[in-house]
Each structure stands twice: as structure tokens, then as C-alpha cells.
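Chains: A, B, C and D, in written order; residue numbering restarts at 1 for each.
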Amino acid sequence: MSDLLPIYLKIRNHSTDLCKELNTEDHNLQAAEFVSPPKWHLAHTTWFFEEMILKPFLKSYKLFDEGFAFLFNSYYNNLGDRLLRRNRGLISRPELNRILSYRNYVDQHIVQLFEDNPSDQVLELLVLGTQHEQQHQELLLSDLKYSFSLNPSYPAYGQQRNYIGSKNQESGWVKIPDGIYKIGHKGSEFSFDNEHKQHKVYLQAFEISKSLVTNGEYIEFIENNGYNNFNLWLDEGWAWINDENLQSPLYWYKKKEGWWHYTLSGLQKIDVDAVLCHISYYEAMAFAAWKGQRLATEFEWEVASDEIKWGSRWEWTNSAYLPYPGFQITEGAVGEYNGKFMSNQMVLRGASSVTSEGHSRKTYRNFFHPHLRWQFTGIRLAKY
Amino acid sequence: MSDLLPIYLKIRNHSTDLCKELNTEDHNLQAAEFVSPPKWHLAHTTWFFEEMILKPFLKSYKLFDEGFAFLFNSYYNNLGDRLLRRNRGLISRPELNRILSYRNYVDQHIVQLFEDNPSDQVLELLVLGTQHEQQHQELLLSDLKYSFSLNPSYPAYGQQRNYIGSKNQESGWVKIPDGIYKIGHKGSEFSFDNEHKQHKVYLQAFEISKSLVTNGEYIEFIENNGYNNFNLWLDEGWAWINDENLQSPLYWYKKKEGWWHYTLSGLQKIDVDAVLCHISYYEAMAFAAWKGQRLATEFEWEVASDEIKWGSRWEWTNSAYLPYPGFQITEGAVGEYNGKFMSNQMVLRGASSVTSEGHSRKTYRNFFHPHLRWQFTGIRLAKY
Amino acid sequence: MSDLLPIYLKIRNHSTDLCKELNTEDHNLQAAEFVSPPKWHLAHTTWFFEEMILKPFLKSYKLFDEGFAFLFNSYYNNLGDRLLRRNRGLISRPELNRILSYRNYVDQHIVQLFEDNPSDQVLELLVLGTQHEQQHQELLLSDLKYSFSLNPSYPAYGQQRNYIGSKNQESGWVKIPDGIYKIGHKGSEFSFDNEHKQHKVYLQAFEISKSLVTNGEYIEFIENNGYNNFNLWLDEGWAWINDENLQSPLYWYKKKEGWWHYTLSGLQKIDVDAVLCHISYYEAMAFAAWKGQRLATEFEWEVASDEIKWGSRWEWTNSAYLPYPGFQITEGAVGEYNGKFMSNQMVLRGASSVTSEGHSRKTYRNFFHPHLRWQFTGIRLAKY
Amino acid sequence: MSDLLPIYLKIRNHSTDLCKELNTEDHNLQAAEFVSPPKWHLAHTTWFFEEMILKPFLKSYKLFDEGFAFLFNSYYNNLGDRLLRRNRGLISRPELNRILSYRNYVDQHIVQLFEDNPSDQVLELLVLGTQHEQQHQELLLSDLKYSFSLNPSYPAYGQQRNYIGSKNQESGWVKIPDGIYKIGHKGSEFSFDNEHKQHKVYLQAFEISKSLVTNGEYIEFIENNGYNNFNLWLDEGWAWINDENLQSPLYWYKKKEGWWHYTLSGLQKIDVDAVLCHISYYEAMAFAAWKGQRLATEFEWEVASDEIKWGSRWEWTNSAYLPYPGFQITEGAVGEYNGKFMSNQMVLRGASSVTSEGHSRKTYRNFFHPHLRWQFTGIRLAKY
């Protein structure tokens, strides 16, 4: 892990880079309880290093601010009381500048920590902290997109990067024979606890599409009455689209001249050849039913992952987020990272166009509730 | 299927038998949207036979009452509009007597149908109807218990049957070696579509308890601060017990002299040796975590089922309710029976002391949302 | 008060008379938290006599049932805990027959009480109890109508009485000159505490219509876009009709061939000449604004009451329900009868076609929240 | 109105003065739907001048930004669609600086308008606009206090002004004889439409306290179990304090060493001699009941207003907010200013320590819902 410090600094800088085109006021936006403001992400990821590493392991470390633990703890019950999640956008003080100072302060002390030849335990926690920060980089973008989307002027976050997703996909299907396969992570590279332990599963033979569903294909589903045909929907999905009065993916708007969607570059006409984004598990399942096909399980996906191109959308699987055989919850706060969320969520595999570089692998298990759509989610079909 | 008619009649009579100690007013009780009144169960199961069998297959059959389809359809979108679920308790008219006439009318026509040498398709639907009625018999009892429980006088449903659950359980663990096992139903006896198709799974070696958790063991968990230790709980379980202010299973009351619970025989002192009942998946998971053990998956349960005694509690498994490989949704209304509920629910295996006789098998998949407790649910532990 | 006993018995019998065409199941209907089942009304009015009179004043009186105080207290905090209001429809036990026995038992003891030459205090409470019972007779009918209305078969309560309201009204306006007038009750006949004390008010000159608004006039308002013109509505009224998606009075249904409404005689075509019913204060205010007129204050109404014909609809006034000068809350439970409801409610004056005979007078102050419509409410216009 | 321009400019500058100690992020705080961010107040008051005056009356006026009407309309249905109220805090763009430019732009054009010898109608609207802006200055402070209060660091808005309220009050009672009095505004100075028309009322003789209730008196009420004695409370008040679990005024915290409260100068120990603040109508009524006294009506208050010192708290009256005799709603958007809010609100009289200078008069009618507490509200007692 000799090269960890430059990686650490690179990842840390990427977080502030992501915010460099934001104005001060943008940093506090929180449009719903399930999103967090950019400033909070910047502070919380910093607190994680302070709380998990500097406080226990750097001798005579002095907290930057005693009150920050309360403000910037996310959900760690083991680490004390915390601000109500829905109030994160109300923290106009400490100001942005003070959070940026906090980041510098913590980074300097992490550098100092490296000078003392840190133990393997510390190094492992440091890697965990960088992975954690990368997760929040993705959240920062998807959260900000959601908050911006409620501003009637449809602000552009920036023009510098293509978040729309690739257009020229390979066609056809990958065939996988039945048999026993190994699932889960093994080896010395970083992985989360929920990827363990590696274990065997038996899979039936199946086929999985080489391409993700495009906007054009999904428009066909809409125009074929997809949102009004109950036979295609899970019961809770059907209730949900009717309660919420939904007829399209998140951020889509029907105008006279066709479909538009809000993107991080502002409101844009939808490109029918581009990859579909911002759909819920329920919509993914309904679309698959309409096609007479299905979603892959997370095990099928992992087995096929070397033969498909993935990376512009998180792909809903038809697997519930549950522990692998032999999964153990770690003692203490780190143990709250993953295991306690194993109910009512579905696994997503792959990565998306807003996933940070280097933060993806074939055993990675992302998870969200089936009705959520503000992540960069898409559909890959499978069949027997 | 030569003996189907007597079976049909026996099952149909069992439904009215279950109500024979109820007064007329009890028949309309609906204490929450998720329960239904006894009268509605009696009518809905009858409508199922009328709608699925008599209407399409008995020549010149005349509906008993044109309005009943609207009143007594449960959730079949394919069969038209229906009464809002929460309003089932408001149907004081048609009166109970008219529902009993409806039952007789439909039974007579089913008898008539048998005289015409019914096709295999009809016979299969008849079996489905009887299985459906047995499911509602169990619901009738659990629903009624729930509705009664909100009457401060704690009415006794009847004394005639022991619903408390067995007390003398075998102790110890069953060991199952790793390997490939067959899961799901195959053969000519009745099974639901969600038990299909039979398929192979690979299981790690595991052990499963021969006994269900008792009230006494659970009281120990309570007294060891189980409901106040967040480390034991799934995140949504922890939120749920705190929002609802829960500190014990459903129907339990702490009095000075100890724990009491409401039962179908009225309020009773809790027997510490009897089998625990009316707990949610969240509580089952927390209890298992406290024990340092876990719940079995539904596959483990099925493989071990021949070597454990089951039948007084529905046993929560740690498997989400999802389709088996190759599961196909049937065309039409029958297809709405199971598949559309495959989200956010956990599988329960076994049977309970209120399950109708003959309505259980080792491949049977029951399912409920993880916070629900009004079914006769319990815990069996497993470990590697 | 020598004739009080026959009056008592007549009023008591009227309650059971009102239920004589109901089936046993109808007696438990409670379609919303704000309505109560007929059985509960029958029991609660009886409990009032038991709790307020027999228990404190009849020597060696033995309660009919110790548990009834909990079940049949409505809102008297001074009289102990009580059943949650929304659960009144769940009391299938005690059965209807036992409630009828309770009524007889209490009536017999009231008769016995009369034999002992009761004190003035007791006689006053007895009168209060009969007035209270008459209020519940009206509620019984309006509550039952509401509960029946959710049964898709639109049950007919009975044909024996005309609840539709008179048709041939006098036209024109009554003119009242400005000046000081006396408002409120004075004298020896019964009145509620909220009618006291009599006091002077100064009124500007005004005019008040001799007739109530008819269905035909209101249909004109609807057809003139009344429910879609925000300028006519109070802000909270506008929010309410939009949240609830309302376009007509309660119980109205638009069919191809015109307007129908649910009545206690079943679903009927609306008679345009009959008096409008089941509208909220918000609708009354919007209609008046559309006419360029207004509602009278309760003081104007009382002053004009001798010159207008009233009695088929409770008439919304533009007065909030607040204490008269010198109003005193009585000590103890009786003090909870009226005073504690003096917030967010509007006064209605007059009486309706379901008000019990003898239960109306010009100083009577009825009151409901401005969005409620299940009472038999109507509109009388006023102007300066 | 020759001096209107300097008054206009002074009032406009006061708004930005109020924000001069805020950081950029503070300007977007919106902690609840019923409060608005400072930036929104700054923009909305400016839009009012643009929309009501510049657009219709300044020839060739060019809107500063076409999109602002949607963003900064508050509740004027006549003026088109608008941003959802709860989303006001999400408008990070336009930035604060652009709003300040907007203010300058509009101010410059108002100056230009003055050069053209504006009509009386325009001058009247200008006065209305300044009065409107002063109302928002008070809201800006009370809203900001509310939003700040949810920041665990209890930010200090500023030290420069005493918002705690006066301490040395006169004691004793003012006696007013019965008789006919004139109520409401008449004359050429500015007043709102809801103060019209002036009219006669008859009042009983009464007494009104010369002082407002102090913190010390209210602590006595709390310590005498005031929040737990249902006999003191209106029914909806009792439900409200129990649902919300309230035991003290807004912003009060009980510490070991006594009562503290959050103020615009940060968290402070409560001064028992200072005037009580931030109580609801329900609490005011309960306190008065506990004292055996009452709140004055708004008419009593107005009649006595010359003989009492008022101005540090808005004083709850026992009058509902309803139209005066002859009240007329103005045509168009200005007509939405007051009249449409005349339901479910109570009148407050006087002014508070955050009311802008020059924005109070004895006929002024403020109004809020009875459970709201974030205004600077207090209690003055009355009796007969």
C-alpha cells in the first residue's frame, strides 16, 4: 500500500473538483430527505476519516470542531446522536469555507499519519475511507441533480463531462451454460463486507443481453400503453405509479415536439439511441415483462460480467439484497456500513456514468429500494 | 380426482364451521385495512368458484347476484373494478344470511357441474378454489383475532381448539451437508405456481434447530434489552419498533405479575414453554442476531424439512419472495394469484396451528411483509 | 317538570324507533372516525344517564356493566379513559341485544328515581340527558347516511319519512333595521350553556332571504364553473376542494341524464326545486360570493328568526363558534359539553329535517368545522 | 404624498439592512413550509412592485427577468402559476447577487416613475407595496429565527437590537364602561382592506390588563401542571400539545439549572421578568383559563388601545378573523391580500419587537392559525 497516500489525495481532491462550478448556495441544496447537500457530503466524508482514523489512531489529534460529529454523522448509531437527516440542508453555519478548512485540516493530519508508518489496520481503514468517499462522490452528483431538477430554471451543473451514456452498443446475447459458479470477492484488493464470503451457487443455463435498454426502446414501451397495463406490473409497482401518477422515467417531460429530460447539462431533447436512465426496479420489471424477458439475478450478472460491457448505468437485478453465506457483521461502527440495510432493497450491479473512476468491480453490490429512481439506473435483459 | 366432490364439500363446510360460534355482528369486523371480515371471507371464496368456474364452465349458469363481483373481488384486476379493501367491513348489506344462501347456491351448482363429467381444466380450477378457500380459512382466524384484540373485553373466539402451539419439542440440531439439492414442486399433487419449476440449488453445509423458539427464550431476549440494542436490528426494523414504540410481540401485555397475551381463547398468562408467536421478520432477525445465529433460507428449510417437526408456526426465512428459475405467470386472472406480489416480502415456510388440515407441504411458500405480525409466525434458528 | 317522565320515555323510545328498520349488522357501521355506529349512539346516550344521574343520585344503584364506561364515554376527560373513537365500529360484543337490555335497565332505574321525588339538580340533568339524546338521534341519522353511502348498493334506510326538504318556499327578503338587539337565551326553558348569557349586540341594517338555496340554484353555480373559479373561494376552501377533487355537494353523482344524490331513501334523481343539502361552509361562502351576497352572522339570524321559515337545513352562518360575553364553563364533566370545542368551528343556526321534534329554538347554536358536509346543511343568503 | 419616495427608499433599504450580517448560505434557509428564506423575501417584495406597479404603469418597462414571476409570486392566483411554497429554499439560482441587482433595478425604475408625476392610483399601490414590504421584514426575522433554531449551534442573528421585549411594565387594569364604540379604520392614512369599514359595536363593560404576561408567570403555569390539566384547554389545543408532545413555549429548553430559550442573539437563560413570547392561541387560552380570566376580543382591545402600552408582542385576541360589516374584496390580485384568509384564524392585535417602525396602528388586524407560535406572540389578560 505504498502508493496509498497519492491515491488518497487524488480521491479527496476529486470531491472538491466536483463542486468547483457550484455557487455557494448550491452547496446547501437538499430537495428531499433521501438526498444530501454537497456541503454535507464534503463534510461527512471528512468526518469519516477523522472519526474512524485520526481520533483513535493519531496520537494527540485534536478534533477540528467538537460539534461536527453531531452534524456530520450519517447513520452510525455506534457513534452517537446525530442531526435529523431531513435537516442537513439547514446547516448554513458552519459555512462552506469552514468545511473546506476542515477538509484541509483532516488531509494534513492524514499526511502526518502516513509519516508514522501506519499499521495495516489503519491502512485498511484508510482504503475504506477512500472507497466511502467515492460512493459519496456519486451520491453528490445524483443528489444534486435531484435538487436542481426542482428549480424551474433547470440549472446546468456543468458541460465538461458526458453523463448521458454511451450510444453505440454491441447487440446480441451472451450464453452461459448451467453449472456451479463462484460468487463474491476473494483476494487482497479492497472489497466491502457484503461481497463476502466467496461461495458457490448453482445456475441454470441462461442468456444475457450485450446491450442496455435504450430510450427509444423505452418510449416504445410507453407508447404501447406500458404504464397503463396492470398485467405488466408488480402489485406494489402498480400502486406506486398510480399513487404518484407516473407515466415516464424520472426527469422526463413530454412536450409537443417529443420527449425531453433534465440532465446535468440542463434540459435536453432525449436521444432515442442513448441508454435509458433513472428508472425504478418496478419499471425495469414491467419493461422486462412487456418484452417477455426478465432481469438477471445478481449471480447471473456476476458470472456473465466479463462478457458484457457495463458501466454507464447501475443495472437492476432480480435479487434482493441479502447476506451471502457466512457473511459476518464487523464489530463496532464499521459493522453498520452494509449489513443493517439488508431488507426491502434490490441489488444493482455494474456502475454508472457518475461512478468515480476506479470504484467498480464485478463483485460490487449496490442496493436501493425498488421505487427509487434518482440514481443512474438502467435495464439489461436476460432470458433462459 | 374421483374423490374431489366430498373434499370440496368438506372444505366448504369447514369455513362455515369456523364461524359457528360467532355472533352476527362479529361477521363484519374489520379492524385494519390488512384484515377482512369473516363475512367477506365467506363471500369472497364463494365468488372465486362462481367467477372462475361456474360462470365460464356451467352452461346457462345464472349469477346469484350481479353486484357481488364488485363487492367480493379481492385483487384481480383482470376481473374488473372492486370495493376498496378498507371498506369491506362496511357491507352490512347483503346480510349474513344472504351470504350463507350464496354459499349454498354456488355449492349446489358445483354439485351440478360434477354431474356433467367436468374437464381436467375445470377439475384443476376446483382444486385451486379449495386451496384458495383453505388459505382464507387461516386468514379468517388471524384476521378475526386481530379485530377482536381491539375490543377491550378481549372476546374469546372459542375454547374448542388449541391454538397456543405445542410445548414439548425435541432439542438439538439437524446437520445437512453441502451439495446440490432439488427445490420446488414436481409431481401431480396440487401446488401453486410459485413452487415451480423444480430446480437445483447449491447449499453450503448448515445446521438447523429441531425446535422453534419458545416464549421463555424470547422473554430472555426482551429482558436482555433486546428491543433497545440497535446493533441487533436491521435498520428498517429499528426505525419500525421506534416509530411504533414496540417492546414485545403482538398481543403481549406486561402486567405486574408477568406477561400475558391475547389469544383466541381470551386473555391468558403466557406459558414460557410454549412456542413463540406473532413476531415480525425484524424481530426474528434481531433475536437470531442476539443468539449469534441466523434464520435459514427457504432452500435450507426445504431440504431439512423432512427431519424437523413443523406445523405450529409459520417460520420466517431469510429469503425474499422471488420467482424460481423458469417461473411463468399464467394468462388471465389466475396469473394474478402469486407472481405480482414478488417484491418487498419475505418467505415463510411450514404451517401454523391455524392452517387448515391438508393445506401444507414442504414446498409451500407463504410470504408477508417483514413488519407484519398478525399471522401465527415464529422462529427456527440455523447456523453454519 | 311534572311531565318530564313521559317526555323522557318518549324521547328514549324514539331512539330505538329510529333503528327499527335496521338489521343487526347495520348497527355497527362506522365508515369514518367522525361518525359513530347506531349501536354506539344507543349505548352512549344510555351511559350518559347512568353516569351523570343514576350513579351519583340513585342510592344503591348497581352499574349494568363495569366495562361500559370505557366503551361508551365519548369525550369526557373528567370521566376517565375511553375507547379510541375510530374503534367504535369494532365493538361487536356486547351484542345489540345486550345494549337494548342496557337501555331497559337504565330506563327502569330512571323511572324508579322519579318515584323518589328527585331534586331540581337531578331534574335539570335529566332534561340535559334528553336533549343530549336528541342530538344523538340526529347524529345517528346523519352518521348512518354517511356509512351507508359507501356501500355500492346504496341501501335505503327507510321510506317512511321525507328527509329531502320542503320545496315550496316563500320568496323575497326580510329587512331588519340597525340597532341594539338582545342575543342569547334567557328564561326557564332548557338551553345549553353556550347560549348564555343573554347580551346586547349592535347590528347594522341588513336583509335576509326568506328562502333557502335550492338544488337548482346550486347546479347553476356548478355549471357556471363555480368549483373552478378561485376568486370565489376562501383560500383553505380552494385548497380543500382541490386536494379532495370536489366538484359538487356530498352524495351527488353526475350521470349522463343529470344529477343524482344518495338519500336515506336510496339513490334518487335530484329535484331542482328542493332545498340544497350537504354542503360545507366553504361551499356556502363560495356560492354567496358568486351571488354577490353573503351569509348572515349568527346574531343577524337570531334577530331575523321570527320572520323566516327555518327547519329543513342547518344554516351556515359567518360567525365563528366563540363564547358569549360572560360565558362560564361549568365545573366537572358537564362543563366539557360545549366550551372546549370553541375553536376552528363555525356556527350553524336553525334545524334540519333530521332534527328531533322539539329540539330546536332560535337561540340554539350548532357548530361544525368548515369543511364538514355530512350534516344536513344548507344556505340562506343575506345582504346589507 | 410628496415625501413618499424617501419613505419608499428607506423601507427598501431596511430590508437589505436586516440581512447585512447574514452569510450567503443563510439567505436560502427554509426550515418548514410555513417559513420562507431571506432571499425569497428580498425578491418577492421586489416582484410585488414590479408586477403591481412597474409592469402596468411604467411605459416601456422591461421585466428584469421573465422567470421571476413564477419564482417569486407568493399566493396570487390572479397572477399565474407559481413555485410550490415548500420549494422556496431550493432556489440556489438565481444567486443572491442577482436578487440584489433585481432590487436595484426595480428601485431605479420606481425612482423613474416618480419623475413622471404618478397618479393617485399608483401612489396608493406604492404605499401598499411599502406596507407589504414591512410585513415581510417582520416575517424575515421570525422565519429566520425558526430556521436558525434547527441548527444545533444556535446561530446568533446579531447583537445589535433587543428583541427580548421590555421588562418594566405598568401594573393594574384599565376599566372600560359598556356602550357603543366605533371599530375599524377611517381616514386618509394607509390601512388594509380588512380594517374597513368602520362600524359600531356594542361592548359590555370590561377590564383589560395594563401589562403582558411575563416569562415568570408562565413558568408558574407550567410548574402548576398547566400542560397536563385538560380542563384548561380547548379540545383541539389539548390534542395538539399531546400529539406534538409539548410542555413549554416554542424555543424553550429545560436544563438542570432552569429554563433557557433560543433567541436571535443565540441561546440564553430566560429572564423571568421579561415578556413571554412564542406561544400559540391554545396556550394563551389555557393560561387565561388557569388564571380564571380571559383574552380580550379584538373590539375590546381596540377600544382600550389608547390606555395600554403595546408593541413588544402580538397579542392573541379571542376573536376569529372574519370580515367587518360592509367589507368588500377588491377586484383583481390586490383583492387576494386579506379576504381569502378569513377562516380558521384568530386575530392578533398590537405589534411586536420585530415589527418594522411605523408599521403599527390600533386598527391593524394581524391573524394566524391558533396552533402557530413562530411569530412574536404574547398574552394580555382581560376580565369582566
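By our rule, a contact is a pair of C-beta atoms (placed from the backbone, for glycine too) under 8 Å apart; a residue touches a chain by one contact, two chains touch by 3 or more.
No experiment lies behind these values; they were computed from the predicted model shown.
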{"item": "Each chain counted as touching chain B and chain C at once", "value": "none"}
{"item": "Farthest chain (mean CA position) relative to chain B", "value": "D"}
{"item": "Distance between chain centroids, defined by C-alpha means - chain B, chain D (Å)", "value": "57"}
{"item": "Inter-centroid spacing, chain D versus chain C (mean Cα positions, whole Å)", "value": "37"}
{"item": "Two or more partner chains touched - positions in chain C", "value": "none"}
{"item": "Residue ranges of chain A in contact with chain B within the complex", "value": "75, 77-78, 180, 199-202, 204, 230-231, 233-238, 281-282, 285, 289, 318-320, 322-323, 325-326, 329, 335, 340-344, 370, 384"}
{"item": "Residue numbers on chain C that touch chain B, as the complex places them", "value": "23-29, 31, 67, 70-71, 83, 87, 89-96, 147, 150-153, 155"}
